[in-house]
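Okay, here's the structure, questions in a sec.
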Amino acid sequence: MTTQLLPFASDYMEGAHPKILQRLTEVNRMPMLGYGADAISETARTKIWAACQCPEADVYFLVGGTQTNATVIDALLASYQGVVAADTGHISLHEAGAIEFGGHKVLTLPHTDGKLRPEDVDAYLTAFEADGNRDHMVMPGMVYISHPTEYGTLYTAEELRRLHAICQAHKLPLFLDGARLAYALACPENDVSLPLIAACCDAFYIGGTKCGTLFGEAVVFPKKNCAPHFFTIMKQHGALLAKGWLLGLQFDALFTDHLYEQIGEAAITAADAIRKALHAYGYRLFFETPTNQIFVIIPNEQLDRLTKKVSYSFWEPYDENHTVIRLATSWATTPEETQQLLTVLAETAH
Amino acid sequence: MTTQLLPFASDYMEGAHPKILQRLTEVNRMPMLGYGADAISETARTKIWAACQCPEADVYFLVGGTQTNATVIDALLASYQGVVAADTGHISLHEAGAIEFGGHKVLTLPHTDGKLRPEDVDAYLTAFEADGNRDHMVMPGMVYISHPTEYGTLYTAEELRRLHAICQAHKLPLFLDGARLAYALACPENDVSLPLIAACCDAFYIGGTKCGTLFGEAVVFPKKNCAPHFFTIMKQHGALLAKGWLLGLQFDALFTDHLYEQIGEAAITAADAIRKALHAYGYRLFFETPTNQIFVIIPNEQLDRLTKKVSYSFWEPYDENHTVIRLATSWATTPEETQQLLTVLAETAH
Amino acid sequence: MTTQLLPFASDYMEGAHPKILQRLTEVNRMPMLGYGADAISETARTKIWAACQCPEADVYFLVGGTQTNATVIDALLASYQGVVAADTGHISLHEAGAIEFGGHKVLTLPHTDGKLRPEDVDAYLTAFEADGNRDHMVMPGMVYISHPTEYGTLYTAEELRRLHAICQAHKLPLFLDGARLAYALACPENDVSLPLIAACCDAFYIGGTKCGTLFGEAVVFPKKNCAPHFFTIMKQHGALLAKGWLLGLQFDALFTDHLYEQIGEAAITAADAIRKALHAYGYRLFFETPTNQIFVIIPNEQLDRLTKKVSYSFWEPYDENHTVIRLATSWATTPEETQQLLTVLAETAH
Amino acid sequence: MTTQLLPFASDYMEGAHPKILQRLTEVNRMPMLGYGADAISETARTKIWAACQCPEADVYFLVGGTQTNATVIDALLASYQGVVAADTGHISLHEAGAIEFGGHKVLTLPHTDGKLRPEDVDAYLTAFEADGNRDHMVMPGMVYISHPTEYGTLYTAEELRRLHAICQAHKLPLFLDGARLAYALACPENDVSLPLIAACCDAFYIGGTKCGTLFGEAVVFPKKNCAPHFFTIMKQHGALLAKGWLLGLQFDALFTDHLYEQIGEAAITAADAIRKALHAYGYRLFFETPTNQIFVIIPNEQLDRLTKKVSYSFWEPYDENHTVIRLATSWATTPEETQQLLTVLAETAH
């Protein structure tokens, strides 16, 4: 019999928050309209409008993150345009060419702590516009950021406002990937709210898959008709769920009684406790992050011991004797599991 | 308060068969490996191997039908090839250009009762090969059929064998879309079994969305490595579910204790009762189908009365005074609902 | 030693009209700006403006017909739209999937003598707009016609005006493929002029490859900025010639001293003589065409004799004993060659 | 009246080498088979086989460089693969997304003097194969280099052999872009011959547009059937010229009596004289290149004077007071023009 490892490998290992499953069980036999035209999806949209303070928004529910990024980017770009992203962005590295499959280049800029610096974006766009060869190059057609980033870091409200202003000045839409948005919103140092995101971005998505749903991402276009015929574009991308109400139901639950906030807070509380313990036990962090992902540089012999007790993610080799691993908390992390992890970390440290 | 309409509009109006939901509830908190690498998905694959008698098959789980068709077709075609399909095929008409989005033309042949006739396929392929201009044309790279078809009709085992032989002779893969396969397998007149499909097709999928799951389609490549790097192709198409075990779990349930067969049988029993009543009450059928979809030509004044009591699908206008509608049964249809529908049909007929 | 066959196989067998070659020789050593920014291309644009009476038009020079169709269609369509064309249209059959390569479906309508009937287009667009499933289908985004058609037939001015009105009513651009336009303009029964085309179409191209140039097609967008960033789209499609002045020079020559008209007239004079002879000698035509392509149904034993003396195009088998062939005249057809062909046809007829 | 500037802006400002134009004039009226099936194209292929010592090669003629790169890359890659290139490569920066239009990512590696270092390629491919996330990433499917590079630098025979060995070890094709190949082959320090390229590469092209033809690039696949159905792929990409013999004729001329070598030698002789003068007059070079492109860092006030007499290419700003310009020689550069340039450079230097 295999011993159960402590589950800190990722934030998408378990099913859904119990309230979601309960809701699903309740309505399972009720006949619904297909493709998101049902009443529950409509209610979910209303709640998202309220949470984002954008009552005119177009809201669509898609299944997964890569799919959402590819579909939104293809909807917002002209055929000859590309998307500006950090070289560490998910769309640059880990989406198997889904953006290029739609015919679009990812125009990468160097990152700073996983983030695009507003001044770098401005300089790039300004240089492009001044380049005598620009008509022979891929025109930047939008800017993509994620919050939190791939590295678990956060944009400040000031940075987001500046990116917005720069995009406006260059007449480009700004798109925010919120696959792990709940974990950003719950961080004490985060000063970026849903309404601010809605005010600064032309499109963004509220992540479900990694934040408590079985699956699902809610795309928000704060300004009506920003992406005409997005429904058809979803279908064309294979991103239209027949039983769309499954998605609406999950987001309806997330935005009822502040569940989305609670999910984030529980995960951040756990992550903070782990971070504190890591510092206390003398572990080195790869970089400081305030969200639910923690990147640790660990000596390989310690890692061998950890591997027997904890499920984590391998990130990258650090040097011959050390490895970078990722520990992730989530809505599903229990206080007991966190406590057990602290114990293991204490033992392993010596 | 709105009166509940009798739910015969489609076979994807309700959630999942109770056994699936129960199973999901049981494992909801268990940490699983992502992207289909989990143990439940592995078990589901084993059961599908057994049911199809192809123990070497590559089996993948995708989310929806359009997505599955687009991904499999793109995986099997070279960039310069197209897919041969009936002009009534789902991929020809109702997938919003998902196939063309991948760069491939749908090469349509006229249908007979919604089906491709083997001799037409043979004649087309033979003519292509003999055409002096063939290098300026889209090369047929595979043949697509669905069972049941868009019209709810069925291929015979003999037709399937002949299509297989023709595809072999012309060195093209044959792909069968089984979005509603459960309803074919349960028909008394059907002589096409899963092992026969596996023996005759290079790829096929066993539909879940319309046959009892929340969502999900199981793609089977009976011969190992027929579609190299299909996992990456899924990701590129946005068709890779993070919590892949959700799909595995549902197919594991469908292929446990003959649930997939039971689901089909219940729906066909209901459909047969409805067909019998329609004939008895003097309704005209648009065409005769043995599966769970029934197409009725109905006078418009009768339709007005029906509309108040039954949820159905509008199909197309028949003439000025008649309309074609579709009634669909499913795993979720109860004997009570069927009985109530028969009563309404009897009343409406007069 | 092989006997020279009489060259009636196609209208792209020879190089360029001597005036073009002479002009090329004159400027061969002069340094020019690249990519169409040169002065000769500018002059050519001015002459095309004058000929089409559209002094605001955007004019671009591309290399070949398939390339031009694919590039213009991709420029005018949104990613989720398709192009409406006759099922016999070049883009439907003989462009090797170049349109689908750009992600767009060709939405075919049945032809009448190779033409789209305005009422069919209207009915199709009206039905699409009324279809409850339209969001699941490929949205028609433009209408494609060619003049002359693949069958060498001609639209009337009245038909073109009606197609224009229908496209306007449905808010779709109309695109005319003029690969063989010179041969249409020169027909006595043609009442479609360049200014009328410019008034009725949102985009069209004036064919060079088949009408006297070495290669080249001149794309005209009568309304300024109808296709933003078309230069970049050309580059993206591999359709931007480094030495763009080669194209400008050839069109400058074609639109100097009415050369484009003369080329058409010589070919039509020859074709008319051949048609007259065919009728006189009892040949059957496959269909009546007024342009430079003649389709003849010929008994196979006669064809064997013809094959020894004339180079023609095989079109399709007619029945067991007859074949359809195409004879084409061009700018390069000499009166002597036409006379020799008449002699051969007379001999072969018996 | 405008004074004629000395033409050193690029190597594609003039038409064709006189021998090509003469040949074209001779055969202009001869009827030819279309799409490259003519006898002259066949002869040209034979001569290229001989020059490359690869008598089995598949040889195709395309029109331009971007088109050729996009078509060859699309032909050699599977749909889910990308092409490895230097970050300065033409396909990375200046092809307007033509590669992504075909659905493929350009996987960039940092350059060294415009070149890919073999060890970097090996390290990248090895790391990819070892990456646990590789199935979520774009798989490298081929390696792209150019000779000379964008910066006018040259691979050594040793480097080419090592790249070949690395590609073989990782089972990837190696593709060499030879847009300016004549100028590489003519350099004294070049030790890479056509036969060596044919031995080391799976595909390469011999540039015509910048090396003496009106237009045209000759693609060589040294091993037969390396790119099945390449003819159809060309058509699909809009890269198939109706009068393909125009391309064959030009390459036939280039490979007759060593014309391709002579063209290169004349340009290098001129470039060497200019380089010598630049050094003698105290100009600073941006980097040392042995081919026909010379990159000079020039004080802005000197540039103002030069601008009045010489046509050059702006490359990039160097600092506030200096600019990088490119001077290019070509087959069309006359000794008189070179001499005049030297005089201007001498005057401008002071």
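We call the chains A, B, C and D, going by the order they appear; numbering starts again at 1 in every chain.
One rule holds for everything that comes next: a residue touches a chain if its C-beta (ideal position, glycine included) is under 8 Å from a C-beta of that chain, and two chains touch if they have at least 3 such contacts.
All values reported here derive from a predicted model rather than from experimental measurement.
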item	value
Other chains in touch with both chain A and chain D	B, C
Selected interface, A-B versus B-D, where C-beta contact pairs are more numerous	A-B
Relative to chain B, chain with the most remote C-alpha centre	D
Distance between the centres, which are taken as Cα means, of chain B and chain A, whole angstrom	33
For chain B paired with chain D, centre-to-centre distance based on mean C-alpha positions, whole Å	51
Numbers and ranges of chain C residues touching at least 2 other chains	79-80, 95-97, 101-103, 135-136, 232, 235-236
For the chain D and chain B complex, residues of the former touching the latter	74-75, 78-80, 102-103, 135-136, 139, 228-229, 231-233, 235-236
Footprint of chain C on chain B - complex, ascending	79-80, 82, 93-97, 100-101, 103-106, 132-133, 135-138, 314
In the complex, chain B residues that touch chain A	5, 7, 9-10, 12-16, 18, 21, 24-25, 27-34, 63-68, 70-71, 95-98, 101-102, 209-210, 214-215, 232, 235-243, 246, 311, 332
